[in-house]
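In the part that follows, the structures are each spelled out as structure tokens.
Okay, so chain A shows up in both of these, paired with chain B first and chain C after.
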Partner chain A sequence: MAYKAQFGPGSSIVAENRRKYMNPGYKLEKIRDMSDEDIVLIMGHRAPGAAYPTAHPPLAEQQEPACPIRKMVAPTEGAKAGDRIRYIQFADSMFFAPTHPYERSYLESYRYRGVDPGTLSGRQIVECRERDLEKYAKELVNTELFDSARCGIRGATVHGHSLRLAEDGMMFDMLQRCILDKKANMVKYVKNQIGEPLDKEVKAGKPMDDKWLKAHTTIFHSLGGVAYRDDAEYIEYVQRIHSLRTKYGFMPVE
Partner chain B sequence: MTDAIYPQVRIVPERLLNPETTERLLNLIAAVAGVRRILLNGPRLPATVPYGPAHGTENPHTLRRTIRVCGEDVDLQVHVGYVLLELENRDVIPGIKAACDEVITEFSYSIKEGRFMKTEATLADFAKYGPDADKSVIGMADPRSRQGPVIIQGTK
Partner chain C sequence: MAKAKIERTQKLFLKSLKEKFAEDPTANQTVYAREGLKQSARKREFVDSGKKMAMARGISMYDPVRCHLGGIPLGQRQLMTYEVSTTGVFVEGDDLHFVNNAAMQQMWDDIRRTILVNMDLAHQTLQKRLGKEVTPETINEYLHVLNHAMPGAAVVQEHMVETHPGLVDDCYCKVYTGDEEMVDSLEPQFVVNIDKLFPAKQAAQLKAAIGKSLWQAIHIPTVVSRTCDGGTTSRWSAMQLGMSFIGAYRMCAGEAAVADLAYAAKHAGVIQMADILPARRARGPNEPGGIKFGHFADMIQGDRKYPHDPARASLEVVAAGTMLFDQIWLGSYMSGGVGFTQYATAAYTDNILDEYTYYGMDYIKDKYKVDWKNPNEKDKVKPTQDIVNDIATEVALNGMEQYEQFPTLMEDHFGGSQRAGVLAAACGLSTSIATGNSNAGLNAWYLCMLLHKEGWSRLGFFGYDLQDQCGSANSLAIRPDEGAIGELRGPNYPNYAMNVGHQGEYAAIVGGAHYGRGDAWSLNALIKVAFADPSLKFDFAEPRREFAKGAIREFMPAGERSLIIPAR
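This part shows the complex of A and B:
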């Protein structure tokens, strides 16, 4: 390919973070260590250690039609084994969460194969084959893309993105899936992502401090953070796209 | 239903208030002479999961508990975001500010004057309370819930 992907405009730290996270060549910093079992428990799709239920026989055992595309595209591990499609959904607080719904969808599309990300105003869902999902979810949760207080794994009842924080700095959660253990300074999940109580607590690491959050956030925020209007390059780019899209049907001349 | 002659204020804290903070704040506010009505607003904390795959299962939540205000039990059903007050007159506002200053110390808050409480009975109010409803009760509790407002005695 003749050109190098630029991922996005902007000269602010927020824009820089957006580009970093989207860039598959950038190695995400690991900041916590949740195990495979922890991820499986929080997602709640199957019991830890249980076999993966299948939606169809493994590809090797079924007759595939002669198709040039199937020959070109190597199936993911989950697709090869015939796994079910399952999901993980995140809600991110507008108070300096490391990622936000659109960013998540962009970065997942750049970084992962066989995913179907869906963006909503305050939450983002990604669907894919179950064993692929567990691998991707582990990276999404264990790296700098996730903060245990400002991001939540929420399959249903996701409200919290645009609300004020609780006194202890946690994002509002009607189902209180995770609680902050103040003594240990540790966030613990006590319910899975749809709100069913877990048999054991799952430690999701310590909440990061404001300094770290502001250095890693991808959200513009005029109160306490980087204001969108302060990033002149970003504004210029967005205005240019807006102008070209508006004029497109007529005569898009720059 | 509210009356335009009584001023109203809204306390807007920077963070959602815990039950302990709410209890301390309300005890100070309710003790200020000239406070007619108090309304707590915020995102709801239901006792059971209202929708989704876990619909109907119990929803234990540490922020939904009963607080005690001037000797009366108040069941919190929301994570308190706003405290709306109706006052006898504007002279009460400094006392409200003093109460807020004493309790809300970790983060900022603001007090706004305006009209924040319900001014007309809605269809749901009419269905619940009928045509001859007590006007001071309209808007003080969710008409769809089985609970009414809490009446605090002996502060006047």
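This part shows the complex of A and C:
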């Protein structure tokens, strides 16, 4: 029987959201429409419209060694073209941001090819070939995986995930890369992800309300959300993994 | 929502939070004033001092307004103060960097400059090989000579340079033994008196373990170990020991038999505070990476002073251990930079880990009837996987819920590594104190890490992906190629070598297993007694109080050079 991924345990809405986002068979809901140019501006790796800088010649133009693995694995578009490896990095507020670092890394690993996710507590980075990155980044920011107030695109000086929200409901950002236009109820990026001022504002959509956030979040949180303790199946699963690893190392057969 | 299993109405961290934030600690929004450096007295002092220093030396230095993030200085949110846990003393974070804290420096100095040397073999050699009489009187005389020589004075030479006593006054040697008759015969100034320093039950255990053997606790000058390295301690002490024996017992300095004495007196029965590390670490012996966790738990003396509070005793080890292993060892020896302090101090400030740990104490008392305030080996719980899982899960969930219920608490521990270390420490300590088994405590630590990671979908920095996600497999169930009991592990144990926020807590988990049983020591009775000595500059029974004193600049260290430098 072919292996069927289960994407994790749990009976709560948090667990269900985690499974949905990881599952490449689930179509992520699109909730905003940032353009290719917007994404390129915020990431700040190249000027919109500029050619992709390359790290090596296109694969078709360089002699590839006779390698069975290369024959089996089709290169991504960025790899084919010889693009540089570039990144996008997110910070996600523990106050009910839709995605959080490990969830991001898991879902990127399931959904995208040729990615190298890095997971920390206050930020999550994903690196890959530049044109592939732009395609993936567009999905990461335009869908239910992202909220413009509780998620931030931050290359450096990222902190904010664990701090109280600002009075306007935005996650704290020391560099104030994005601001809330209260009148338009619109978050606007005024700096790129490493804090360099942009020549023009980039609209990142309206902040989602609390009800939406709590329905879409992937974090357990006992203050107004789903308490971890209440998802007994989840807890039991973690205990089971731990017990099996303790007893049998990394070959946990019962 | 399902509730925590224990109700604790007096949260130990609330007072600190109220002092720090002056706002409702349960609110999840605030106004970020972005006041920058001016909100911190210490940062203002740094700015003023930086300007003066730059003028004096003609080279620019501390200039945060220009140099930090292209003009955006620290303090875009509140620059918090911190209460050193249990002390009531609020300090600025900067004051807990070891460069800014003389007590922290002295704690490490006092460990590195210490060596324990047995006297029995030397005495046998003196009697049997050299025909000398050894009596309490001769030992007293020898100790007089040694306390003259050890700081750097001559004893048999005709013409010799010496060290200034005012620079090396922290250097001395005392002896100790389980032989009460011998103790009564020696001059009190030279004795670490076990009966006077330890509670009776602990003293009896220690005396029985040490027996009639006589040990010297030697502390070479702070200034020497600072100028040289940890390996110097044995060399400096050995040279002065040899010369003192020659001087005190009037021996020939060139006779072949003296070589036997030299070996017996200097090297045959020596305990260094830390093992030498593998060559790739490029360190000598007596450097922090070689200290076994069991030995470190013995150096810290909270269990001697607070024998009925194994939680507090363990928390003192956490503080001392995070300072030494995170701030000094990993943060400077191994990594460089200043950032590790921010991680480490989370474990010993604002009574947060204290609250989580005492929650664990209430839980093990309520559920498993562990009378933790009366440490004994009889009521310890069997360290089964189910029990480890139960204690660790409850303590981890409670801690996570506290962070959630009090957003200022989360803001206080703003980094995932801080929270990960603190939560796992509470789980590890609760379990080791309940079971009396250090590896059960370590196993609880690793379950907490997995629970934490899954609950919040985040943990610490990249390093936590290594040891904390493979730790389940090297604790509790030990296979020879993977494990060692916690007592015998140390900062250089595989996977432990480069990860802040762990090693001090591991040492405390080891200590907790023994403090919870009422053991007088964790791994080595000799080390336990040596660090009970009140003549040491640093009080190893109260590391947190000492750090607080250092932070408010009331701690007087050793090794100062004011005698030999121009007055400022």
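FYI, the second predicted complex is superposed on the first by the 247 of 254 C-alpha atoms of A that agree within 3 Å, B and C clash if a C-alpha of one lies under 4 Å from a C-alpha of the other, contacts with A are read in each partner's own complex, and residues count from 1 in each chain.
Just so it is clear, contacts are C-beta pairs under 8 Å (C-beta built on N, C-alpha and C of every residue); 3 or more make two chains touch, one makes a residue touch a chain.
Just so you know, these numbers come straight off a predicted model, no measurement behind them.
Q: For the combined arrangement obtained by superposing on chain A, do chain B and chain C clash, or do they fit?
A: Once chain A is superposed (C-alpha atoms), there is a clash between chain B and chain C.
Q: In the overlay, answer first, second, both or neither for which of chain B and chain C A:22 touches.
A: In the superposition, A:22 contacts neither chain B nor chain C.
Q: With the two structures laid over each other on chain A, which partner does A:241 touch: chain B (first), chain C (second), both, or neither?
A: second
Q: Which holds for A:208: it touches chain B only (first), chain C only (second), both, or neither?
A: So A:208 meets neither chain B nor chain C here.
Q: For A:220, using the defined touch cut-off, is the partner it touches chain B, chain C, both, or neither? Pick first, second, both or neither.
A: In the superposition, A:220 contacts chain C only.
Q: Which partner does A:195 reach: the first (chain B), the second (chain C), both, or neither?
A: After superposition on chain A, A:195 lies in contact with both partners, chain B and chain C.
Q: Between chain B and chain C, pick out the one touching the greater number of residues of chain A.
A: Of chain B and chain C, C contacts more residues of chain A.
Q: With both complexes overlaid on chain A, does A:165 touch chain B (first), chain C (second), both or neither?
A: After superposition on chain A, A:165 lies in contact with both partners, chain B and chain C.
Q: Please indicate which partner A:157 is in contact with in the superposed arrangement: first for chain B, second for chain C, both, or neither.
A: In the superposed model, A:157 contacts both chain B and chain C.
Q: On the A-aligned overlay, A:140 touches which partner chain: chain B = first, chain C = second, or both, or neither?
A: Neither: A:140 stays clear of chain B and chain C.
Q: Does chain B (first) or chain C (second) touch A:94, or do both, or does neither?
A: second
Q: After superposing on chain A, check 1-9, 19-27 or 109-117 and name the one in chain C that bumps into chain B.
A: The stretch that clashes with chain B is 19-27.
Q: Take the contacts of chain A with chain B and those with chain C, and give the residues found in both.
A: 157, 159, 163-167, 172, 174-175, 195
Q: Contact residues on chain B for chain A in the complex?
A: 13-18, 21, 43-46, 49-54, 57, 59-63, 79, 81, 106-107
Q: For the complex, give me every residue of chain A touching chain C.
A: So the residues of chain A in touch with chain C come to 18, 94-95, 99-103, 118-122, 157, 159, 161-167, 169, 172, 174-175, 195, 218-223, 227-230, 234-235, 238-239, 241-243, 245-247, 249-250.
Q: Over in the complex, which chain C residues touch chain A? Could you list them?
A: Residues 1-2, 4, 27-32, 69-70, 72, 76-77, 385, 389, 393, 397, 400-401, 404-405, 407-408, 410-411, 413-417, 419-420, 443, 446-447, 450-451, 453-462, 465, 470, 472-473, 475-477, 479, 482 of chain C touch chain A in their complex.
Q: Chain B touches which residues of chain A in the complex?
A: Residues of chain A touching chain B: 155-157, 159, 163-168, 172, 174-176, 179, 194-197.
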